[in-house]
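Below, chain A partners chain B and then partners chain C, in two separate complexes.
And now, the complex of A and B:
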């Protein structure tokens, strides 16, 4: 049953393989529905707290930093869905496999490591986005409807939303690779979550930041992970400014992908697989 | 040490054709080169050196100290197409590290590896198509998916056409009895079932080279035998197999060549039978006799070179002899002349004894002696 070495097969891994991998990731989540439900519940509660908090702040009917209550509501709900993407599965699994040496089994597969992890993140993302949108639907029932964006804004919003997952993946994947050096991920993950939550504007909209910090956050990859699509959805970001923000997202998506790749090359030399 | 010079027989037309696609990709495959060629391979791990206790851990944060651990030390090895090589050595000898470098998982510190003309860590993805790997302590199955789905995922990754995939599954099923395990998820399998499924996963793309790293670890005798029979069949079909194991029973009837490694260095590389002939010549026959032997000295004279020892009672004797110098039949007839034999038992020298002696430093193999003399 031995075949000639690598006979008649193309070097490129068929796209189908990555699609199947994404579906496998999605299916593995459905194997533990309770665990997923609890993590959704946890983030839904923190979103709920944010909604109540901002409703109290904006209860006098006046707008603050360009946000009135309906727009703040829309902003918070969009960032909630954005935040649920590439939450913890990708890096959690990656780090566990790096620590336990099971990464060896990932490396004997004829797949590019980064693309394979991205495919899995997309699979998880389908589940996360679905659950997030469901939670938003429930929230709008409780807190009332959202301001409808214009058709043009909505189109731009969809475009902007597409970049959220790859951007977040870039950060999550790169921070996960730090495990090669630290062998422990808890601290790195906490730092990453704090940084992303703060600078992506999902804790406080960037409009509330001091000017200099707002400029930094706007130019960094983080705004594109939550703030940009949320502002476009609410109509606070329009026209040329919105296009420019989506452009920043696109540039960072490519840049983070390449940075992660360079990082992987260093990290893989660091690999030690202990025990069998 | 085994010579790495080209073998007298050049590659035949068929193997040249099969290397065709490697030529196409401009990898420098040289005709006549071994399938696996390792030269001067070294892997050094840097380990943090921490002083004991909490204070020691804190001190490590400020004053970082590391020690270098040489896992593989200037290893030279060459494996021809179709060979079955046993790769043995005590814990920490560097066996697994070698396999991880051969499969492209680990990057060597220095030295050169060629597997079918590829450098594994640089051409990892292409190399992965040529090889099948089983690490006995790990699984490559998707934990939450049925085994069948895992195999189908691998089918897509390797780009195997559906018809050929189905044929291979059928063939693997015949030996590995997959039917009962295909529908269950990997996490529900017993260790023996998991190992069969992992073997199937490693072989689903019909790789030309198979690395088995402790494939029988933790398995019961029955499953062990199944796995051994399966590996034997693989070798008979022409697959190149590199078998790493602690269980010397794995290699004895599977491999013709044995490579012994200790502390990252090659101790011995050669024919398994030659090792046995040279170092495992001792054979012991245990006799139970009806009446005590009256004249053991006379028996000793009859069997020069043999050692005769008395057993627990005076009705038991053991004769230890060089099996190449004295035939078992001669020993039998000699004992028959002196006593009425009730029971006979033969202890065959096993490769296990040799390897154990090598580990313990009691036995220096020829290659080792030559090295020390140099």
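And now, the complex of A and C:
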């Protein structure tokens, strides 16, 4: 059965409804804390490898591409928290429901599909950010404290950090919609994670890239997903340059939201629900 | 194998994904080495050698023993029953119950990286040394299969619905993509002795390169592989005694 739907409709639903969705998403994680902790352990181990590797590289007060060990430590830990946001749940549940046909239920609800998923991502994100910051606290016990940012930098950092979740959501949501075409989503997801991790500067700061790649990654939405807030936190990005980077984040946040909506209009027409 | 190949698009997605995921790691190393000549005395191609051995071991274990990752699910749901009725080793049935097609991507990339490393590292290659490398590569794959089975056998005790503990141990094992010497003593000890993931990459590499650790440790790799497989099979059998299927 192909659903002839007006997928682009916007219904006026009270904000309360979306807040409920966010809360339900948050509770679905708090209900299984062990499962969440173990899935987080995976990214924690790879962050651990990065920290040890960079400590070896930058030992004896050496600096490289403008990073000494304390600043690299701060950079890696901020990107770790950024990466834990919108990690897997949003697209995992989307693809499950699309594949099994449960998505039909989501379409019947008088809620905007994209806004509803965003509300859930915020709910997950609250928990993910809390756990991520907890992990960072443990890491500072092992690797020592971080250089404190100036008050100005910190304010700008908070502003920049706000954009991380919607930016990541834009990419995760869009790649989740690919499930309408491919049945196997695991591969798409793994490829997406690898590319975003690399181009957002989470694996290696963009400053280490050759010039052309740095320009591409800086102009693309990826830098705003990890690199920008991390650089502002460490004080490497200041003043007008920092404001410009936050501006790029803001522009991409809106652009990705609109692109995702356009993509949804095409994707939802692909839907075939079994047994209809 | 044939059942997986049926979904040709999926096969390509999984293979390309494996290459992208591991390839990003190599680009990462390349980006670091653009500004730094050595890490703890290891140059770029020496670390690529270590890295390629992890990719190869991962690929081999996916191709021949991917089924072990289903153990948590089949123990939880009771789907293990049919394996026990058949007159064939349950361990081998579990290991072979799935062929991980992304293993092909990993094996291909692993071989490419290994060949690149062999050409570039400062080692006088003799036929004997190449034969040693081949033996160590195969042993490294067996180490990985053994440790995967060991970790997944925890399913008999934990009874979780998905392999969350073995999966985190797997990611822990990925620490051995880099020379062991960068880590703290406690982590080194665990990776070398308790869960000897270092035998799938670091120790074989030191045996071939003749540096980083005493050479004889790397030559123990086949023994380590045998030890991991025997220990894992023993733990699996112990677990099987506890298995009580579903319901009842």
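Methods note: the second predicted complex is superposed on the first by the 264 of 276 C-alpha atoms of A that agree within 3 Å, B and C clash if a C-alpha of one lies under 4 Å from a C-alpha of the other, contacts with A are read in each partner's own complex, and residues count from 1 in each chain.
Keep in mind that, in the parts below, contacts are C-beta pairs under 8 Å (C-beta built on N, C-alpha and C of every residue); 3 or more make two chains touch, one makes a residue touch a chain.
Owing to the predicted nature of the structure, the values given are computational and were not obtained by experimental measurement.
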{"item": "A:191 touches, of chain B and chain C: first, second, both or neither?", "value": "second"}
{"item": "Chain B versus chain C as contact partner of A:109, first or second or both or neither", "value": "first"}
{"item": "Touching partner for A:182 - first (chain B), second (chain C), both, neither", "value": "second"}
{"item": "Partner chain(s) touched by A:35 [first = chain B, second = chain C, both, neither]", "value": "second"}
{"item": "Partner chain in contact with A:208 - chain B first, chain C second, else both or neither", "value": "second"}
{"item": "Contacts of A:45 with chain B and chain C, given as first, second, both or neither", "value": "second"}
{"item": "Partner chain(s) touched by A:57 [first = chain B, second = chain C, both, neither]", "value": "second"}
{"item": "Overlap of the chain B and chain C footprints on chain A, listed as residue numbers", "value": "none"}
{"item": "Interfacial residue positions of chain A with respect to chain B in the complex", "value": "1-11, 13-14, 16-17, 20-21, 24, 27-28, 31-32, 101-105, 107-112, 268-269, 271-273, 275-276"}
{"item": "Chain A to chain C touching residues, read off their complex", "value": "34-35, 38-39, 41-43, 45-46, 48-49, 52-53, 55-57, 64-65, 182-184, 186-188, 190-191, 193-195, 197-198, 203-204, 208-210"}
{"item": "Chain A-facing residues of chain C, complex", "value": "7, 9-10, 13-14, 16-17, 20-21, 24-25, 27-28, 31-32, 34-36, 39-40, 102, 160, 162, 164-165, 167-168, 171-172, 174-175, 177-178, 181-184, 187"}
{"item": "Residues of chain B that touch chain A when the two form their complex", "value": "17-22, 25, 45, 96, 100, 103-107, 116, 124-126, 128-131, 133, 135-140, 142-145, 149, 152-154, 156-159, 168, 171, 185, 203, 206-208, 213-214, 217, 234, 237-239"}
